[in-house]
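Some structures to go through are shown next.
Both complexes shown next keep subunit A, but they swap its partner, so subunit B is in the first and subunit C is in the second.
And now, the complex of A and B:
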């Protein structure tokens, strides 16, 4: 029990520690709503990455795809194309980028690490090209778009301050539900797990593995695109590199989630736990005034430790 | 695992919990601490505020603006007394708005915009770029091909590039051969690689008259490229901006690097600390941008 749910217990221990040490500011409704908002963008990218990682593949391009989607939307809004068309253009580009990844991996049989490493650079280059390297911000971004990332559903007031259920949290919850339904409750999800288990066996069992893989990469690209749009909305700006850092954290979150799975497979609810651990650590360690660089080391140690414990558990099983 | 976490956290908490506010607590937030110049300013403002009796938390998000937004929200919830921001506030509008709503004043440390801030203390990037671009035009006698090393995503550096380009475009016999985007982090090495490629593609002596770098690290990279390819005797003139230590040393030597501009980073940081103190002591602080003068430093000045 402890071995199986060690990561979850670790999260509970982390929360308990921060609650004891910062009782006035950590375990409060505003702070938890703040944490959900802070992790929402990473969560969406990580949920989408889970879909690809279920098949045993990787998508290293999600970070630069997020940057690219944000840049395309911002450039379209700057050109007065309107918010709906800007969003549609960005998500179409994300889907096409994902499909290109899927084509490279499923049809040209390029190793996912190599294929998406190449497209990582490619998408990053496109993001720079869109605005000639500049950041798009200020009046170019419509108030409604920037307002969405800052807004939410009013829940009341605490200590005279308005408390909102952030819109970005709601978007992340929606993506979580869709991903969970897709992976756990559809035939397509089962086929993806079958590919992850043994691609050859899945193909011999009648699974159209190439098409299924292509679909997984499209989903990953679209998820990264949604994450990039959320980021652009939250910051009311688009910078050609602002989503790049999401990739490593998304993969770390998926790996943390894998430690909760008996079979050692990525599960989207496990990814949610992984994302929460990263978010809570960042928030709590900042509240404890721990040096930023120590925070980074500590977070890395915890990720490696959790994954190592999970790996040892499976070896013993 | 939980035991490990608790123990590790306990060590750090013990190590950090001895600090307590005397006059108050100030958070210094930046995504750019890896930059040499930001480091100088942040270290100086930290020391100056500590000398004034404040507890200072320095938080760097390593280039990540979303993390900067999140960490600002965290310190707001902790009710810090003031926030010093070393980044453009227009890139984290939600956090700036939240600080305003919570009544926490924000001060810009070379932020480049006053939006949502009480005061921004900075150098005038337009003026500094005009100083180095004009120096370069004069040094190459208004004639030849110029390579620009730029980084437009960072607004202050974008301003520098825009004004330098305008000056070059306004000089009839100067041709801007390219504006090369220098990636950060790693500006020195990225600039060296880029300039080596440009030099290799332009092998004729005299085919490049000058290299204008938006800050010193790419200028140093350009200098390394010229020297490694043995093109140091062609009279190529390099100018940088910021006057960091290695740039000053390079300018004093006999190489192609000829001038930079010394921003008064210590002055900027101390001015910010002073303004923060005034505001937190209850003095009226007028909302404004304070420009701290910067000086062109040439080889003659440094020798």
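And now, the complex of A and C:
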């Protein structure tokens, strides 16, 4: 029991520690709303990655895909194509990129690690090509687009300061609900888990495994694209590498979530816990003014520790 | 000449390998029951028996991979009690197994020396040139000159790969080790061509000249009669006869193996089987494992397909499911064309949708999603039916899953129990429930009762008969002759990819089926 929910207990311990060390600022509504906004982008990318990882594959290209999608949208807005068309172009590119990943993995049977390592580089290159290596910012980005990422729905005031429910948090919540419905409440989700559990058996039981895998990669690409748009909106700018770092944290979040599941498969609610751990850690350690390099080491230690405990549990089972 | 009247011939003076008593149980099942075996020095000795007679178990005991319940044996007069494969090797026993156990990515030379010390330079680095030279020498001893030692293993054809696996048994390790005294070959020719088989026979005869003993396990009667000096027959775990090859016949051996007399079977009268009820019509299937297979499955009839391992029995079912590619062949289901290879092919998805249900041979690796729950495993091919606009309808799912798991009398803690936690018999029931839930027109079963206990076995048989009574056409593969006669209305026998026998079960006996399995073509007349 302790081992199964060790990760959850870990999260509670982390929260308790910060609450004690920073009693005035950590356990407050504004700070928690702030955390949800801080993790929203990572969360969207991690939820989408969960869909691919359910099948036993994974997608390394989500970070550069996020960069590429943000870049395409920014370039389109710079060219005065309007926000709706810019978003549509970016998401279409993300879907096509995801489909390309799926084609490589499902139809050409390239190992996901190698296939998506290749497309990681490709998408990153496209992002640089689209922008010619430069950052798009300032007046090129419409105020409505930049404003969305910083805005939110007013909830009232605390101590005279307006408190907002961030728009990005709402987007992440929407993606969470859609992903949860897809994985837990559709026939397609059931098939994806079956593929992850036993691909051969799934195929012989009539699951079109290649098509299903292709779809999972498309979902992952689109999720990465949404994440990239959120990031560009929040920063009101796009540079060709700004989303690259999302990939490692997204995969770490999924693995943290896996430690919570009985059978060792990714669940999107587990991923939510993983994302929360990473977000709370970053927020709390920053408040404690701990050096970011040390933060990085601590984050790595916690991910490895949680996964190690999880694998010990499975060995005993 | 029935063999049981001559249970033993006089022993040659020098017994190289003498197994006096060997017993081994697996749970309730007696795999070996005081079996005995005597192989003389410089003798080629065959070990034969039906599937499950205990041949493999005896070899596993000799090889030290299995712990015996009782094992009283001697090698050249010394006690033989191998506790590990290395132990058996050190005593001078060499094994060539059916499975190749080669590493595809390594070269031929590296595979030959796998697990043995490689030749080394003074600094401890591998002496590649010497390794290749020694490898070439080993291959040449076998008369093999066309395989280059530096070739990666995966580039070899199956026959050549088998030759390398054979050659491995001839690698002499260091000088102090015991020289090989007994070679054990377990179905070595399964993937060899005739020419390669002759190469192997030459090597075996050469071993005999060097006074080395050979224990040769095979299903192929013609090979045994051609190659060996004496034959030991196992049946139900016990030795029933040891005979001189020169004085025996194929029929006498089959009689000894089955314990029954060979009877000519009656050909079905023409017109005895109408075409009115044909559910599945199969015409001229051909691929890597099948040669021109044609058959009809009738509604409500249980057709049992049998044959030796590698005869293509599982591959026929896989081809019908669209799991393996076909080069040619037509399949029509209830008059509709399902397959017309190579133009029109199907995948398992299309087969299920057309009303073909499938229980694969390997429950764990091919049928079940072990970490999934009972409900999901049962409904996997039928998700379309329990979803609306892609969304799962929980209550409908529960009802469907409950209905079919009750039909197969599944013992579980509930529909949400993970399949891994169920017993083998109950796991197989989950696979059955999945197939029956299709309300299939054709039910393909591959070894439907493998690894389940007797009680569950009978339940499976009832389910199969029940499905037939509802008008399903059933094609069941089994290697268990008891099962053939328990289930079959009609019996098909495959040998090396060809259908060699197609007859009503009532006209057959065990010997007729075995006879057809062993010697392809000989019985087809």
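Methods note: the second predicted complex is superposed on the first by the 317 of 317 C-alpha atoms of A that agree within 3 Å, B and C clash if a C-alpha of one lies under 4 Å from a C-alpha of the other, contacts with A are read in each partner's own complex, and residues count from 1 in each chain.
Here is the rule we go by: a residue touches a chain if its C-beta (ideal position, glycine included) is under 8 Å from a C-beta of that chain, and two chains touch if they have at least 3 such contacts.
All values reported here derive from a predicted model rather than from experimental measurement.
Once subunit A is used to superpose the two complexes, subunit B occupies space next to subunit C without a clash.
Applying the stated contact rule after C-alpha superposition, one finds that A:134 touches subunit B and leaves subunit C untouched.
Look at A:198: by the touch rule set out above, it reaches subunit C but stays clear of subunit B. When both complexes are overlaid on chain A, the residue A:14 reaches subunit B alone and has no touch with subunit C. When subunit B and subunit C are set side by side, the one touching more residues of subunit A is B. In the superposition on chain A, A:264 makes contact with subunit C only, while subunit B stays out of contact range.
Once the two complexes are overlaid on the shared chain, A:282 sits against subunit B while remaining clear of subunit C. Residue contacts after overlaying the shared chain place A:207 against subunit C, while subunit B stays out of touching range. Of all Cα pairs spanning subunit B and subunit C in the superposition, the closest are 26 Å apart. Against subunit A, the residues of subunit C that register as touching in their complex are 321, 323, 347-349, 351-353, 358, 360, 365-372, 376, 379-381, 383-384, 386-387, 390-392, 418, 434.
Listed in rising order, the residues of subunit A touching subunit B in the complex are 6-7, 9-10, 12-14, 17, 21, 25, 28, 30-31, 34, 37-38, 41, 128, 132-135, 137-138, 146, 149-150, 161, 231, 234-237, 239-242, 245, 282-283, 285-294, 296, 298, 301-302, 305-306, 309.
Residue ranges on subunit A touching subunit C, taken from their complex, read 181, 185-188, 190-191, 193-194, 197-198, 200-208, 262-265. Contacts from subunit B toward subunit A in the complex involve residues 1-2, 4-6, 8-9, 12-13, 16-17, 19, 33, 57-67, 69-71, 73-75, 77-79, 88, 90-94, 97, 101-102, 150-155, 158, 181.
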